[in-house]
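Next come two complexes, and both contain chain A; in the first it sits with chain B, in the second with chain C.
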Partner chain A sequence: MSEDTWTSSKKKSLLDPRTKLLLIFVEAVLVLATTGGEHLFWFRVVFAMLPFLLLLTAKRYKTCFIGLLVLGVIYFLEYTVFPYVNGAIAGILLIIIMIINRFLPAYLMGVYVMGSTTVSEFKAAMDKLYVPDALTIPMCVMFRLFPTIKEENDSIRAAMKMRGIRFCGRKAGKMLEYRVVPMITCTAKIGEELSASALTRGLGKEKKRTNICHIGFGWADIVIFLLVAATLVYWILGVFA
Partner chain B sequence: MSKQESGNKLNGRDFINIGIYTAIYFVIAMALAMTGLIPIFLILLSSMIGIIGGIPFMLFLTKVKKPGMLLIMSLIMGILMFVTGMTWMPIPFSILTGIIAELVYRSGGYKSMKAAILTAGAFPLWSCGNYLPLFLQREQYFADRTSYGQEYIDAVMKFTPNWMFFVLLIATFVCGIIGGFLGKALLKKHFERAGIV
Partner chain C sequence: MIKFENVSFAYDATPEEKSLRNFSLTIEGGECVLITGPSGCGKSTLLRLLNGLIPEFYGGKTEGSIKIDGNEIRESSVVDQAGKIGTVFQNPRSQFFNVDTTSELAFGPENLALPEDEILRRIAKTVKNFSIGTLMDRSIFELSGGEKQKIACASVDVLAPEIILLDEPSANLDFEAAENLRELILHWKNAGKTILIAEHRINYIWDLADRVVILENGVLAREIKRDRIARFTEEDATRFGLRCLARTAPTSLVKVENEASGQTQMDDTIILKNFHYSYDKKQELYSIPEMKIRKGKVTAIVGANGAGKTTFLESVCGIRKNSGIMVSDGVSYTYKKRIGMIFMVMQDVNHQLFTESVLDEVLISQPEEDENGAKAILAEVGLKDFSERHPMSLSGGQKQRIALACAIASNLPFLLLDEPTSGLDHVQMYAVAEILNRLKNEGRTIITVTHDSEFIEHCCDDVIRMEEA
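Showing the complex of A and B:
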């Protein structure tokens, strides 16, 4: 089997890309948008803890540890410092606590999904879900470009700092022209190269492309599905009760 | 590009272009959204997206030569807003505004600069979709955010009576046009020189 030599070299991640998409969906609805309110509180806790477990399975111990540390500090602040302050400080503290409580799990889930899914796997999953290329390809390109944009932005920031163009510097007003414009220029150039390389691999053809990635559901996916189904059932029961 | 005459069907290159510019646009929108924690900035958010986002958007418009590209970009922004926790409402709304932007740019034959600036005004309207839950599900929206503190809620409440949504739409449109002019100026000053256009 020649295919095995391709797939075996890659570390297969625990979950199917489709399950990961479902998880992102659930995080967005349940944790970020807090659908269901107090009724689903415990499910929310479970789904907030899930990213940490998944990061462990992906061997991203450092990210997991930092995430837990931040969460710990936040809970520490919430229960020890918060009751004793008032006024503006309390307001600011509360907002910080809320934002981190809400965004950290979803952010970590994003980190896990982006870190453990290759672009090919993502494409294969979207093809199996019958999502048209018009949506899949731009999204693949986007996920490919985010790290690049960050890298370019860091370099530009370093270069412009030397010239005094930064948030608190003398020329903060020129930020837009000297920070945003180079970022766009760099990204557009890189994008063009990317586009050329993708076209040489036959992306421009009308024919259906094949994908070497084999994706399929395993036991972990079933566990996640059951969990999501349980949440859904519990939520619906709560709505009609 | 030399193979302009390949019909009106979108090909791989177009999809990649959409991806590139949506990525830039999304990064800028997210950077601006971070300021939305201050109550008044939440309301200004869509306008700021109009102005700053106008720069990459005008550049994107120079690449748009076929119908559908603006709609796809708008839809992707809507989906990303859903994923970042703005409920499902931005998705249909972004489809609607995407179609409007598409029609505006189409009226200029996909190359007129005047239509491009109007499109730069119409496109950022998708970001108003983020406000829809604030207006349509007011009780629920604030019930979820009680922990932000009463002061935050009061501040947001004060600035958002229901007619405010239409004010926001108009403000976003105007700011989008400003962003369009800004983008056009920068296009001339920087991007044409750098040979990207």
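Showing the complex of A and C:
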């Protein structure tokens, strides 16, 4: 792209934001809460693998690889180590395995959704679902604040590290406070400046804002819908069978 | 036309202390006015009264009348002014509502419910005028401070306001970025916009202004008209407590003691070896095979971009993992060993103030807590009366001095500073320079990254240019 021309690009992410929301819901119900039990085992496997596939389409190779690695280690522990230990260690191991097994796919789906959705896309999706602005605008700000909080946190951690050696032993009990106080003041300050800037640019002036971002369903969305529908039908059949 | 008539204002937090007192000023349409004066003189207050952030966002008591084109605006809200008045703020990190640049530009016009074609047309026009094609469709978090400030200006420009306010827009920018900002302001000036700029750092826009207004404690101290601006001297500026007027590139001040003269010996210097950093394999941010720093001197590092210099300081300090080696007195130190040897004052000092009182902050920095010693240090940096205050309740310049007090208290031999004078006025800048000179005389080695030529001239012995890779 040259220095002084710009044309709006119609490049869209693979999935519609509404489909992504549906996916987070399904991950939570099916994989995290294991609704449907043994009957839906294979569907659960499919949905547990889906986030990895989606991360690949979003070119998040590193996250995908680390996720697979963690999952691999967990399966290794489950099938080779777990049967041979007992007592407290077995209990702890079981808890770790259960938690990671269930949470990882939902977490990675969250990572994919957060990483691949722009604030405007999210806003457009919410508008189409008739969610009121009073609810979506604070959520938009959260999207924006998460990376900011991370940046602030990294800076504060670095500052603590520089001075950290001095704290050890003496004020160890206050470490948390030292970490949290600047974090809250910095984030609150950024939030305040953010609102000031948004207000001067007319946020909330008109009842109906324009949104230049267009969203719509494509073939990938249809595939996901069919998959979810199939799961639902199979589950209902199982309940009444 | 903007008309202030006998305007007085006091913030709710400090009702007895007026930020503006009986202030009157008339600004013609298309005029470019620079408002300056020491910290706390009321220049930001002036802008907030115009864009409506006072009283809606910052509560307080206003007296007098403020009219734009004959209409009283004291009763109008912030959003009423959206589209008519645009504001560029100080902190490039906190002005963005969206995460990607294109949505950010569209944000303002979307709020005004303009039709989509119109929005796209306006964005294309702004992109063309500001030459920011390469910044479009990017994540805000990937941009440098200067690039963010360009986007902030662009997101105001798409609203096509007649009046543009800039509240210390260059506080976090380096020399080149400030020069770029100057170009954008010049563009607005040529387009006939009415521009009000509140700034400490006046040199980059001094010759653009049609009028300069100097405030002191909320009172108009001096008004300089177009034909007199060129005759205003550096001495005059100093008398009013202003920063320098000359636009000197920090890179033009590069000077290093000649090693061949034999004056510098090995044990008088520390050597930084093999410092390099890259975001990815393709693009290297900086690469320093070897850099010699004289001990017991203040060395300024100039050039390259802000991000590179900050990363470099973090690497030297040891808080960032890196392969650089520091050699001092014949001993090599890796990054892990450097932690605890070096004190760093960060660009945003808010990140390194942890405690409930200024005194506590100094106490936890001392190797052994010593209250009398800590108080002596606070007196030295001019914060004696603030020892019981919460650090976050103080002004930017005062916080900077708390961090310096901690550096003194730490007794560490090496001190790093990242842009220690950003957003400081003349007096505050001198205070920092003075403290550094004192630390130097105590034998400490100080390295500062800075874009501030005036500051360099006052306290730096060596100036090293960091080349961009």
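The definition used in the following text is that the second predicted complex is superposed on the first by the 216 of 241 C-alpha atoms of A that agree within 3 Å, B and C clash if a C-alpha of one lies under 4 Å from a C-alpha of the other, contacts with A are read in each partner's own complex, and residues count from 1 in each chain.
By definition in this document, contacts are C-beta pairs under 8 Å (C-beta built on N, C-alpha and C of every residue); 3 or more make two chains touch, one makes a residue touch a chain.
Please read all numbers here as calculations on a predicted model, not as lab measurements.
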item	value
Touching partner for A:32 - first (chain B), second (chain C), both, neither	first
Partner chain(s) touched by A:95 [first = chain B, second = chain C, both, neither]	first
Contacts of A:24 with chain B and chain C, given as first, second, both or neither	first
First, second, both or neither for A:189, with chain B first and chain C second	both
First (chain B), second (chain C), both or neither touched by A:142	first
First (chain B), second (chain C), both or neither touched by A:151	second
Chain A residues touched - chain C or chain B, whichever exceeds	C
Contacts of A:134 with chain B and chain C, given as first, second, both or neither	first
Partner chain in contact with A:203 - chain B first, chain C second, else both or neither	both
First (chain B), second (chain C), both or neither touched by A:181	both
Contact residues of chain A, present in both the chain B and the chain C interface	140-141, 144, 177, 181, 185, 189, 194-195, 198-199, 203-205
Interface residues, chain A side, partner chain C - complex	1-9, 118-120, 140-141, 143-144, 147-148, 151-152, 155-156, 158-167, 170-171, 177-179, 181-182, 185-186, 189-190, 193-213
Chain B - residues contacting chain A, complex	10-13, 15-24, 26-28, 37, 52, 55-56, 59, 68, 72-73, 75-76, 82-87, 143-145, 147-149, 151-152, 186, 190-191, 194, 196
Residues of chain C that touch chain A when the two form their complex	51-53, 56-57, 78-83, 85-87, 89, 91, 93-100, 102-103, 106-116, 119-120, 123-124, 127-129, 131-134, 136-137, 141, 152, 155-156, 159, 314, 317-320, 339-340, 342-344, 346, 348, 350-356, 364-365, 367, 369, 392, 406, 410
Chain A residues within the chain B interface of the complex	24-25, 28, 31-35, 37, 90-91, 94-95, 97-99, 102-103, 106, 133-135, 137-142, 144-146, 149, 176-177, 180-181, 183-185, 187-189, 191-192, 194-195, 198-199, 203-205
